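Have a look at these structures, which come just after this line.
Same chain, two partners: chain A is paired with chain B first, then with chain C.
This part shows the complex of A and B:
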């Protein structure tokens, strides 16, 4: 009789929970994607039907715009905020606290508030623009193809840039002071310090945060679903919402599973490429 | 001998298990009732308990937001309650997926029910729900605005042409004549635009469910009539694409809109929030020489296949379906004509809504109906956003719908 290693025994409860909560749903989704409602194997039929739908490529394109726009702006704005909050000035503690408010507001509350702020007739944004005469006509923020996705991205950036700021700020405070002193001895100005000392030092933090932001943006539903439900005319339909619609509105669990499997695969590829590229760079820079 | 002994012990064990199971289940019925029905539900359950002390009804209050998803998840997972209040339109989907049981044995006086209500919840000749609440939309209008615009509030427009003229006369100075919906949950727009298609002799899909006919002239003309309120005439607010029924009610309460389609449940909240508005109600306008129409809306009881106590649940549903109880429970109108005679339904403000009821129809039942509605709604939004005209948008919608029909 072979003895089971005690290490494995200790890990077993966690492994069982993980299997049940993570592996089982993934396997079950994969199974759903190749079967029909009676449980018969149907091969790739569900995948074919999903791919034929007019909305699938639209949603895919929208997802790219949504993720790209959100993540780039979140990182840039978050990092800039962190650098600003790292400087010493009067009232810094208060500003730091205020800055995190968007992040701690529940997503659905934020989304519904923004929906009313963006409303064409009642919205405070249009009121602030029309009252002093900046624009003549109220802007249809959420009813025109050109403005609705930027509006969604703006809300998402507002929601998550404080998270980036906090993470980067923690990274900033870990940078040894002598690096700045050395730079100043060499005659570096503020921008030289930011570019040559600060950013390289917080690079690992930004890399990790960006990966998280990409995953969160890919999985996001709350903001868009609460405000536009993917409309108007699918201009804010992203793939997670399409999956939700298929499964829970149209009751096409098998097609929804097929789309989930494809989405999962695409996400894995993006994450793998991201990690690969960055770790290669890391080695080069060492 | 040993074998027999084992068998007997097994049998005894099984019967004991069965006994304890029935004892556990006996008497308790879990009932999911939405928050707007719940106050009356509690009242009725008290009466029921007095008449049937052997059965205990436990009410679990649900909210309408996200209810279809919750009900579906509960039914699919097998952890369903014994009775659920659902909208008529959801029932066919449950029946086709074998998630609810047939209730034909407890429907006693079939002719007393509004035919469209029973038609809604029937699949292959079997009745899978007990309809208790029915309603149809009408057009609510601001009588004061009518007078200001020189229109007669006692003779509101009846035909499409007269209606457009009235809406144009009412529009101006930041005020809009007739608000349509183009946003929110797509059901809002289906309920408000599909009746126009019906009145004009069209539909989304053919009677036998094999052909998409939403791009036929009758349907396209009606869709154009609906969307032109924004696109051509500008009598619907600029925010149309983000407005659902609730948003339109807010605009009406703010007196930014003079007419909009609504159900009778809006009357109370308008009166409460802006008592200055003098309310009028008119039938939904129809094309010259045709008849008005509306979608029959409302709620039914279903008993899920996974219910633990279907027998007692049936006793309660049967009790609730009696005219005197149904008439108390419904928020709008009861599904039985005999219950309509009750005092509370004689309010003159409700008369036009009552007149709409005989013109209501159930929506077509098809396994892919939700996706069909989505395809149509996407088309309507493409028109409203100014991307396509009615014909082009409905041609695309018909193509999408045909693909869905061919899959079934």
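This part shows the complex of A and C:
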């Protein structure tokens, strides 16, 4: 027997625990997805059933809207906030501390506070819109099929744009000052600087953060589940919630496992890209 | 900056004010709603500042609901999972930071993937396994499952922290006849206390806020955690929003305290590093 390296020995307990908690469940999901309740192999039957369910394409479309809407707005608003917080102005330190509040507040607390603010009758948002006459009558934000998903995305954007701002701000602060001086000598204005100096310099940070946000949005359940549980009429049903409901409300563990396998595969593609980008960045910085 | 126009300066302040309003208002509204009486909560036009501030909502939450129990459950589960993960992560991080061994990069990626795993995709097999082991609706069950979240994070953060400690300090101890474990506990760990506290705080906050695992594996009120308890408040048709906001405040306070203390710690660590050059 070859001697185990001391480094591996140190890492072994963590690796064993994670294998049991992560690798084993993944294998087990795969097994569940091709068997029935009696444990017989049934081939791709569970996959077929899931694909035929009417909710599956709905959930898939909702997930795309949810992830796309959330991530684009988080990145744009977060980057804009970072550029703002990198400017010199009185009270900047206070604004910086306040800007992280949404990120620090527990997700469920943020979700419920917004649910109260979006309340159709007594919500402060409807009051702010109706009082100056921006809209004629109160909007049923969380009960109308057309507004509920945008409302959910708004909450998610509010929650995570501070994270983008913190990460991008750290990147901005690392940009050498002489790049700006050179740009100014060339007669660049503020927006020229943002477009031609700032953004290209923080591009790697933005790419890494974007991928992370995509993964988080795909895994996110708290906000939607706490407020609508996927309703009304499945208009906020995203795939993770569909998995949960299929398994624990319809008690279709094997179909839920089949859906999990597909969801897992799709997510892992993005994770693989993320790790590739991250390691490429590390190599560059070494 | 002298060529910046007046309009630009005004634009900056308008944007800053907007950021402050958007980030602060929901929190303020939660705090204000939590001390309003029923009459002032449900009225149009809304009452901005409560005229008769009351602690009645807090009384309801603390004495007429399960929230105190859920609070205790959350503390037990978060502390349990955080400490358990840290004690395993210290060794793993030390192994990754100080040794070269075959397949190290793969093992590290494996741990990173654990952190990025789509949790919804593994709730089904985890539930089946926990049910088989009789661990559904137990503290131990959730503590173990939460290691999926806390362990990768702790290993990752501690590895980079250990790497930053000069290896010469450890070599000196080894020359003095100390064992590897002795070095870890007498040299590396005492130097890493700020990093360890940061890891503890971060894992505590993540588990404190965790939703989907708690929802799946703790369905009995004896082990339910705060996020689930809070969500339950609103699933009934008749939501007592004053109480929900009071319970939200109660859940936020420990996190706010931890975060503020951590911020000080981080700033302390940064300035200490700066003076040492």
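The rule is simple: the second predicted complex is superposed on the first by the 254 of 286 C-alpha atoms of A that agree within 3 Å, B and C clash if a C-alpha of one lies under 4 Å from a C-alpha of the other, contacts with A are read in each partner's own complex, and residues count from 1 in each chain.
Convention: a residue touches a chain if its C-beta (ideal position, glycine included) is under 8 Å from a C-beta of that chain, and two chains touch if they have at least 3 such contacts.
In this text the structure is predicted, and so the values were computed from the model without any measurement.
Taken together through their common chain A, the two structures put chain B and chain C in a clash.
More residues of chain A lie in touch with C than with the remaining chain of the pair chain B and chain C.
With both structures placed on the common chain, the touch criterion links A:236 to neither chain B nor chain C.
When the two structures are aligned on the shared chain, A:248 is found in touch with chain B and with chain C. Look at A:140: by the touch rule set out above, it reaches chain B but stays clear of chain C. Of the two partner chains, both chain B and chain C are touched by A:121. Within the superposed three-chain model, A:17 lies in touch with chain C and out of touch with chain B [touch as defined at top].
Legend: residue contacts after superposition of the two complexes on their common chain; A:131 is shown touching chain C, with no touch to chain B.
Legend: residue contacts after superposition of the two complexes on their common chain; A:79 is shown touching neither chain B nor chain C. In the superposed pair of complexes, A:98 makes contact with chain C only, with no contact to chain B. Here chain B runs into chain C after the superposition, and of 74-82, 146-154 or 398-406 the stretch doing so is 74-82.
Counting contacts as defined above, chain A residues 115, 119, 121-122, 229, 248 meet chain B in one complex and chain C in the other.
Interface residues of chain A, counted against chain B in their complex, comprise 37, 49, 52-55, 115, 119-122, 137-138, 140, 142-145, 228-229, 231-235, 245, 248-252. Chain contact summary for the complex, chain B toward chain A: residues 68-69, 72, 93, 97, 182-186, 237-242, 250-251, 254, 256, 368, 370-371, 374, 378, 381-382, 384-385, 387, 396, 400, 403, 407.
The touching residues of chain C, counted against chain A in their complex, run 1, 4, 8-9, 12-13, 15-16, 19-20, 22-24, 26-27, 29-30, 33, 41-46, 88-89, 91-92, 94-96, 98-104, 107, 109-114, 116-129, 144-145, 147-148, 151-152, 155, 180, 208-209, 211-212, 215-216, 226-227, 230-231, 233-235, 241, 244-245, 248, 251-252, 255-256, 259. Contact residues on chain A toward chain C in their complex (touch as defined above): 5-11, 13-15, 17-18, 21-22, 24-26, 28-29, 32, 80-81, 84-85, 87-89, 91-92, 95, 98-102, 104-110, 112-117, 119, 121-122, 124, 127, 131, 158, 162, 190, 215, 218-219, 221-222, 225-227, 229, 239-241, 243-244, 247-248, 253, 256-257, 260-261, 263-264, 267-268, 271, 274-275.
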